[in-house]
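Presented sequentially are two complexes of subunit A, the first with subunit B as partner and the second with subunit C.
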Partner chain A sequence: MWNWKRKEKKPSKKQEQTAKKSDTLSDFIKALGNSEDFVHYSLSGTTHCTVSYIKTISDLETLTRHVLPVLNDISFYTLEEMQQKIPVEHILITDKLDLIQEKVMFGYILIQLNEKDKEVLLIPAVSLQSRAVSIPEVEFSVVGPKEAFVETLNTNINLIRKRMPLPQLTVKEYNVGKITNTRVAVIYVDGIVDQDNVETVTQRLKDIEYDQMIDSSFVTQMIADNSNSPFPQLLDTERPDRVVSTLVEGKIAILVDGSPHALTCPTTVVEFFGASDDYFLPWHLASVFRLIRLFAVIFSVLSTPLYVAVLTYHHEMIPADLMPTIVSSRSDIPFPPILEVIVLELAIELLREAGARLPTKIGQTIGIVGGIVIGTAAVDAGLTSNVLLIIVALGALASFTTPVYQIGNTIRLIRFPFLLGAQLWGLIGVSMCMVYFIGHLIKLQSIGRPFFEPLYPMRINDLKDAFIRMPFNKQTERPVLMRTEDPKRMNQSRVNAKRDIDE
Partner chain B sequence: MNKLNNSSGISIPENYLVTPTYVFFLVHSMQVGVGILGFERYLVEKAGFDAWISILIAGVVLHIILWTIYRLLQNGGGDIVHIHKKIFGKYVGGFLSLLFSAYFLMLAFTVIITFIEVIQVWVFPGLNLWAFAFVLICLVYYLVSGGFRVITGICLISVVIGLPIILLKYFPVEAGHTINIYPVISHSAGDILAASKQSMLSFIGLEFLLIYYPFIKNPEKSKKWAHFAVFYTTMLYLISVLVTFVYFSEEQLKQVVWGTIATWKIVEFPFIERFEYVGIAMWLYVVLPNICLGLWGATRIPKRVFHMKQKPVLIVFCLLLFLATPFVTGRPLINSINSFSGQVGFYVLLYIPVLLILKTISDKVRNRHEK
Partner chain C sequence: MKSRLILSLIAAAGLLTGCLPSKSVEENAIVQIAGYDKGEEKRIQGTVAIPQYGKSEKKTAASEMYLTVNADSIKDVEKEIQKHSSKPISTGKLAVTLYSKELAEAGISDIIDVLSRDARLSRNMFLGLVDGSAKKLIESGYSQDETTSKHIQGLIENNTRHNFPDTSLHKFLYAYYGHGMDPFLPVLSQQETFVELSGIAFFKQGTAVATIPDSEVFTFKMLKENFKRGMQDVPFKGGTIMMDNIGSVVDYKMTGTVDNPEFNIRIKVKAEVNEMVGVEEKATPALAGEMEEAFVKYFTDHADEMIKMFKENDVDPLGLGNFAKTRKRDFDLDKWHDNYSELSINVKIEVDITEYGIFS
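Let's look at the complex of A and B:
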């Protein structure tokens, strides 16, 4: 009777979602021949051979300086001879079609003695066009290193390696994305990192079933433990120095070719509120700034919901001295607080979105026009109250204090459920919404490790670098979160040895 | 010997266990619930302003019961279901365990209706019960379905958030009269003991150890944390009672239903007044562990007895709570449900030493037979 409910399980054929593959070498060359930038010609000088390459990604200088002169000077009859005489490193001789295809598409020059030959010579002549390493723009810091990742994987790995000349620094590469075949590198320090974490990450990377991998944020969304959560579960950064310091702590970094952002994991929610500046300043200053940032985030999320809750349901809570100020600012407003807040919040979101999409110079103008002109006009017209305008503007400002851009987006959006709660049941609604998010954070995991970590499970050792940053000599152990194989950072007794007076 | 090995109980995978320290938060947050908001009046009716002595007596009794619980569990290997099964056999033991499940569900229910009543009395007289109960129970479902570790986390958060509320006691003390407490002992021992029994009702929550004990890593080490939690709760109640006594006169207090909330009313900051709104909103955090742990315990027992999945049971129990909650309104009804569940809780606490004696006897008998 219930048969119709049961879906018939067919032994589904494993779908090969790759692009159509050529069967033979000549098919491959023919397929490439459709493109205008594919060069394919025969040499008929001293040596008889066929040269093929894609001119847009091969380095023509290698060809004209090192390859063609040799081919024209000496007469070759085997590929082995060529391999020995041509002054280029890592020349391959192969007849494996897969390898040939991969290398040619990557910029290698293909040489055949005869057009029908299966065995070919592959000369590396890869020309990598990349942006120069520039100043970090998303995570700018006043002091400290000013290098940011670029779009080329090799340059990015170089930026990390040169900061940590250590043989244990391991780079594992995978190809992800059925069509784009993007190179994804997993980087960790062997001997510090927990191999379980590495295994989880590589397993999840290998399991990705998708045709493209344009940016590292694709990876974040696909390997996250809970991809329905608004909270990012991998930390993305564009600073090589930050990546190196997390690697030393025992974390894993994931770099994606073509993306100027590295992902580090496992991460915790408090890590999103730490800036690299915190480590460049004395610990007390850094701690105060961190607390200010945390307060700013709480303020940004809760200020407008509290405004709605108090003005809609709990007017008694406003002290008598404060009451006249609020009454006079709201007396002409025709809307209930919730409508007023939603209109203003949406206006701010509009400004933000417009500012983000426009070039920097116009963006600034839009900000000023929007912020000052529209704001003042709205108050003058009696559409919103002064007090609310201040609160909303401060809240927007506060949401920009997060050092990591991704969490800033989350904070932008989670205030709306809070607003809904406030409108429904005042402070109790706000409280319920908060419980929901706390419960959600407790449930979340990053690569199988608790995301809400130094708070729950409460780990005193990890709290030393959470809301406040303790001085370096107090942080003698690596965070417990990573379960590192080598938890000691330094010799505690030597670091904290006290000197007596006059010694 | 073989039999003993077989009966070593259930083992929970390590990633679901919590460290012994959390027993402090689990025990404490389960003890403190809605009771603390208005338990002073019931004490005063029995023993007047000497009731603070009763709290101390109740605290001592609780330490003894806690010792019994640990004694029972340490040799029992597992939880209450396992112990029941061993002593009473499959059917009677299973039935008794299900009674515990019903009791836990009733505790959760009591807390929900009392909290809703507080909201109705103090914040929203015209609260839409259906909507509120629905959202609250969805929230509880979300948390409980996360498992024991999530509930433990909520317990931790609840204790941490509850801490600043204690500081508010400063305001009534400032406005109160210490002379109220004197003369110290003006009631008979009987009155004071009766008040002790009354105050035990606000202390129940210990018995959940019987069900979550297998979830504790190195449970022997958790003993001191559990005792510390009971001590902390006793001190908290003692402080609350003393502060309320200092603030209200005896006759006035007998008329006040929610003593603690009433003292929040006088809290005043330059930017905020009438702190009870904030207090009640924050009280959600204190109440939630009660409901969540109650529901978790109530659903865990059928899982252990019938070896069924916990999620369907949870859905059924949540539905039951949702359907029942909106119909329970009015002070007299809620008051009687509260005192009923308190009575049951009191007898459950008394039942534990009895269980220990039965278990000792049955162990002895069994050992003799095996010899």
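Let's look at the complex of A and C:
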């Protein structure tokens, strides 16, 4: 009976290398020869040599302007001579097959004196196609910088470096992904960052076992402390300014080539509710907007479960003045409150999915059609009540107020367990769900640091930039969470010095 | 293994306890007002009003359904009403419960007991006595756009902010079960087309033993609690003046021994006088001084008379016994009751007229 439990563990077959590795240089060239865009020919002019490159990723201008003229003018007999005469920087001479493979695949031009030679010359002629740096679309802000990361790692690092011309800004690169060999950069400020955190991040990055690394969100999921949690444990942002300010706080940024989003860690749950706008506004305004955002999130999660719980179990909680409105709008509806809510929530989710998949122009139309036409029609047809329509619409609106898109998705999802609890046990069910989620958040970690940090463990100092943002002159220390090597942001006494008399 | 066990426990909890019968709010008959009269042969006649909400969103005339049943007990009333209703009865939003004076004079201890045990009932509910028939009072509509329950709830709530002392089920039960204090309830009486609050009834162990009329309520509230609004007319020099209370503070002091205590009740009232009818003098500071004297005399006389009435009926709605009990170690409730009629209670009232209006 319990056989299914005792499944025999078969010794798994040694995982075969999915990509065949070439053993010799000629094998490598032969393998590349199968592709139409690989160019391989022998020069038989002044210099006898063979030139190979992949024309789709190599810069042909370098070849025709700087390499071929020199090769045709002077007769070379050794690679060293070529290295000296060809007017291109960083020309390599190597016989290491790994390096040759990596560089050729990256767009270098390979030159051999003789096809049988193991030693080759590698001329960098990389042609990088990339989108221009554009306005942030996910984390748009009215004031403040309007740059967003693009898909090229070098451009992204450039965007960070130019905001922080500091020799201590350290960039470490790793290749992750068995087949894609994606470049992943770990960036931190040496002297501020806690080396333990760096160790954790690099170790986890190196341990990633997967064949592809298409986007930074792959990294988020793979190096997360709890991969089964609905909460993202690394903050992703497309704003270089936000990355720089977190680096200065002592955090670590992870950039993935091909992804326009940077990841910062360790992070806390309150950071997901802070927008970069908060730092561009006076502190009182920013604090109020943060609190509004927090309220919106709580409202979004709890409004429909409370509706279900109150209407199903706790009639006493409905104010007497609201009773006629609710009862008369519900009286035509053939469903119990839970079905009514699920129908409407699903309709909103459908609209959102459809809107997200369609091009912007049609997406807007869908929003209007969905919101107005379907909404009123559903009420007229007696499928949902007016009161609920307002609550669901407000809840959906409120879930968009989170500045970080990833946490918005989480909020979208976690109201469904709350709904289930509300239907099963009323308000007790809602509070049980709440206890479960708060317990989960308390246990959660981001790169080994507590995720629920300014609240649990309680760190009064970090509360200065959590629910309210204190003015800059009050934030004299870097967050305790990061255990930075240099906790002081500035000299407190100089900040507080009064300079009201000119001497 | 462990996680599987926990998972199955959660699933069991969900599947086994999730079968609670539930009805959405519109599928319930929500009782908002209930009234009890004396029925035939020791039975109770219960009347409830259930608001009927229209299907359309237009809130036109409020309609109510009235159900009257004869039953042996309060819970039996609920059972009997269930027989008349197409929807399950929900008593959670009961806002007003009325008893006929006839019933209250015979004793409502059993009914009060039921109210104090039912966890569904709100402690903010208003209780009241009806001078006449509770059934008739509930069944006559008073306003086009308000249900009877809302009307009477509003009536009591509004008046407790003015002349009437604070009342609710909670306050009633506190005084009912407290040692050395007795509860009171507002009395409602039905006139031709309206209901009015016509006085206060005082209880002794769940039995209404005495009442005071509407005109004495202000004096009682002054003795009972601090308050900031309310009006009282007082005869003055052949006419009447209207006193507008803007702040009254009451303070109890106890001196003497446990066996022979003496109470000093000090009341400080700040007032405005804005209306004089039939007084042939001009309002001057000197006249204001005379008015103050008149007020003090009026209130002292009435308060003394009221306390005398309390002593005669052996009721203690002011809670003096409770006051003594909290201050004296060897307080004996039985002895207190024996001595209550000879208790010396001095009422001292100070009236300060701060304003008598601007005139040219």
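The definition used in the following text is that the second predicted complex is superposed on the first by the 479 of 503 C-alpha atoms of A that agree within 3 Å, B and C clash if a C-alpha of one lies under 4 Å from a C-alpha of the other, contacts with A are read in each partner's own complex, and residues count from 1 in each chain.
The working rule: a residue touches a chain if its C-beta (ideal position, glycine included) is under 8 Å from a C-beta of that chain, and two chains touch if they have at least 3 such contacts.
Note that the structure is predicted; figures quoted are calculated from it, not measured.
Colleague: After aligning the two structures on subunit A, examine subunit B and subunit C and state clash or fit.
Modeller: Subunit B/subunit C on subunit A - steric clash.
Colleague: Kindly classify A:L322 by the partners it touches after superposition: subunit B alone (first), subunit C alone (second), both, or neither?
Modeller: first
Colleague: Touch test for A:I428: subunit B only (first), subunit C only (second), both, or neither?
Modeller: First partner only, subunit B.
Colleague: Of the partners subunit B and subunit C, which touch A:D332 in the superposed model: first, second, both, neither?
Modeller: A:D332 contacts subunit C only, not subunit B.
Colleague: Applying the touch criterion given at the start, work out whether A:F452 contacts subunit B, subunit C, both or neither, answering first, second, both or neither.
Modeller: first
Colleague: Does the superposition put A:E36 against subunit B (first), subunit C (second), both, or neither?
Modeller: It touches nothing on subunit B or subunit C.
Colleague: Of the two partner chains, subunit B (first) and subunit C (second), which one does A:I438 touch, if any: first, second, both, or neither?
Modeller: First partner only, subunit B.
Colleague: Scan A:T312 for contacts with subunit B and subunit C and give back first, second, both or neither.
Modeller: A:T312: touches subunit C, not subunit B.
Colleague: Taking the stated contact definition, name every residue in subunit A that is touched by subunit B in one complex and by subunit C in the other, in rising order.
Modeller: In the superposed arrangement, which is not itself an observed complex, subunit A uses residues 313-314, 316, 318, 320, 424-425 for both subunit B and subunit C.
Colleague: Which residues of subunit A touch subunit B in their complex?
Modeller: Contact set of subunit A toward subunit B: 313-314, 316-322, 424-428, 430-432, 435-436, 438-439, 442-443, 452, 455-458.
Colleague: Which positions of subunit A touch subunit C when the two form their complex?
Modeller: Interface residues on subunit A, with respect to subunit C: 310-316, 318, 320, 323-332, 336-337, 386, 424-425.
Colleague: Looking at the complex, which residues from subunit B come into contact with subunit A?
Modeller: The touching residues are 18-19, 21, 119, 123-124, 127, 131-132, 135-136, 139, 142-143, 146, 149-150, 152-154, 156-157, 268-275, 277-278, 280-282, 284-285, 288.
Colleague: For the complex, give me every residue of subunit C touching subunit A.
Modeller: 14, 17-18, 20, 22-26, 28, 30, 32, 51, 53-57, 59, 62, 90, 92-93, 95, 120, 122, 150, 153
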